[in-house]
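Please go over the structures that come below.
Consider the two complexes below, in which subunit A is the common component and subunit B and subunit C are the respective partners.
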Partner chain A sequence: MLKAKVYVNLKNTVVDPQGLATKNALKSLNYEREIEEVRVGKLIDIRLDMSDRKKAEQMIDEMCKKLLSNPTIEDYSFTLEEVE
Partner chain B sequence: MLKAKVYVNLKNTVVDPQGLATKNALKSLNYEREIEEVRVGKLIDIRLDMSDRKKAEQMIDEMCKKLLSNPTIEDYSFTLEEVE
Partner chain C sequence: MEFLRFGVVVFPGSNCDHDCFYVLNNVLKQDVKYIWHKEIEVRDVDCIVLPGGFSYGDYLRTGAIARFSPIMQGVIDFANKGGLVIGICNGFQILLEAGLLPGAMLRNKNVHFICKHVHIKLLNKNTPFTNLYKKDEVLKIPIAHNEGNYYIDEKGLKTLKENNQIVFQYCANPNGAADNIAGIINKEGNVLGMMPHPERSSEKELGSQDGLFIFKSIVEWVK
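The block that comes next holds the complex of A and B.
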């Protein structure tokens, strides 16, 4: 069994309204001096019933391109680990 | 300058509708045999204008409890790294 952790983030050049809202909320909680920038992305955990690591990497990459991310405005990366 | 990566996930006992929808969408893309489970969480990148690691850890922990996560239904974890 493999577990993939997929990270999907807006590209740096794309405005992130959710990040801005979170930044402003944190500022109103008295962290205004320390907070420089906040960006919010997605973390997708996928448990795969397969053991071939290479095949799994290829498959996750395909899933990211087809469904999990929008390549026009988002970047993605992922890690794979064995689990029980 | 420090960068915190905060991961917020629904607890395992909590139903994750976004994860289920993603799982079904992936199944309809012909990955039905391999996909076991999908769970969707948030990844929040925070750039902090400070260098004291210990203080930063404390602060991020506070932010998670107060604003970034809902401790009733969500778990959080974070990492801190130096950036330029």
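The block that comes next holds the complex of A and C.
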């Protein structure tokens, strides 16, 4: 079995209102000086009943393009790992 | 043609479907039917309404799951053949996800759900949806959304402007939308998406009738 972790984030060129609000809240918690930027994204776990890594990569990539991300505003990346 | 045939698509989580049905049927006296999202084909309608609401709980992204409902292929085919489609609020978000309109929706700039009457300015009255308004008319019409912060890249915005595709602009930007955009139409001129709710401003009792002319314009256009 394989497990994919898919990360979806707003593109750097797109303003992230959630990230900005979170950043301001963290600043009010006295992390004023340390924080430069906060971006909020999504993590999607997908368990796959297959062992062919190459095929899985292709499939997850397709899923990202078709549904999991919106290419107009978001970037995606993913990792694949063996699980029991 | 005596009556126009409207089809209001119902997704799980749609909540303005009944309002749209009521305005079209009871106020405008047109022929209306609901189209369940599991149907695969659009039949016997002149205009499709994608209503507001929270289809599929807004999971993943607004409109992202609804876009893959069985009915959406039918809606896309209908639109590609020149059929009239209007997406209101969540319906607009679904049209963006389906690629029938360009751009995408982000969270409101203030990260709040905004529910209030706003003023929007008409930029293009030469459409099937706006032909009964006066040029540059300002409408009072409610918005109710969490993701109405319209995004499009600079090149896309230029194209929208060049083709007169921006139909409505907010007079005062409530949500951070690019170029104050409240509603756009496709290049072909048969698919309109708008965040404000015309079905909630179609009777005097609701404080504004400015939205009614959207639906009246459609009837006028097809007749």
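Please note the rule applied: the second predicted complex is superposed on the first by the 84 of 84 C-alpha atoms of A that agree within 3 Å, B and C clash if a C-alpha of one lies under 4 Å from a C-alpha of the other, contacts with A are read in each partner's own complex, and residues count from 1 in each chain.
As a working rule, a contact is a pair of C-beta atoms (placed from the backbone, for glycine too) under 8 Å apart; a residue touches a chain by one contact, two chains touch by 3 or more.
Because the structure is a prediction, the values reported are computed rather than measured.
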Inquiry  = Contact-wise, after the overlay, does A:Lys54 reach subunit B, subunit C, both or neither (first, second, both, neither)?
reply    = neither
Ask   = Is A:Pro17 touching the first partner subunit B, the second partner subunit C, both, or neither of them?
value = second
Request  = For A:Arg33, decide between first (touching subunit B), second (touching subunit C), both and neither.
outcome  = first
Ask   = A:Leu68 contacts which: subunit B (first), subunit C (second), both, neither?
value = both
Ask   = In this superposed model, does subunit C or subunit B come into contact with more residues of subunit A?
value = B
Ask   = When the two structures are overlaid on chain A, which partner does A:Ala25 contact: first (subunit B), second (subunit C), both, or neither?
value = first
Note = The intersection of the subunit A residues contacting subunit B with those contacting subunit C is 67-68
Task = State the interface residues of subunit A toward subunit C in the complex, per the touch definition above.
result = 10, 13-18, 21, 67-68, 70, 72-73
Parts of subunit C lying in touch with subunit A, wherever the complex brings them together = 60-61, 64, 68, 97, 102-104, 106-111, 149, 151-153, 176
Inquiry  = With touch defined as at the start, can you tell me which subunit B residues reach subunit A in the complex?
reply    = 1, 7-9, 19, 22, 25-26, 29, 31, 33-50, 56, 59, 63, 66-68
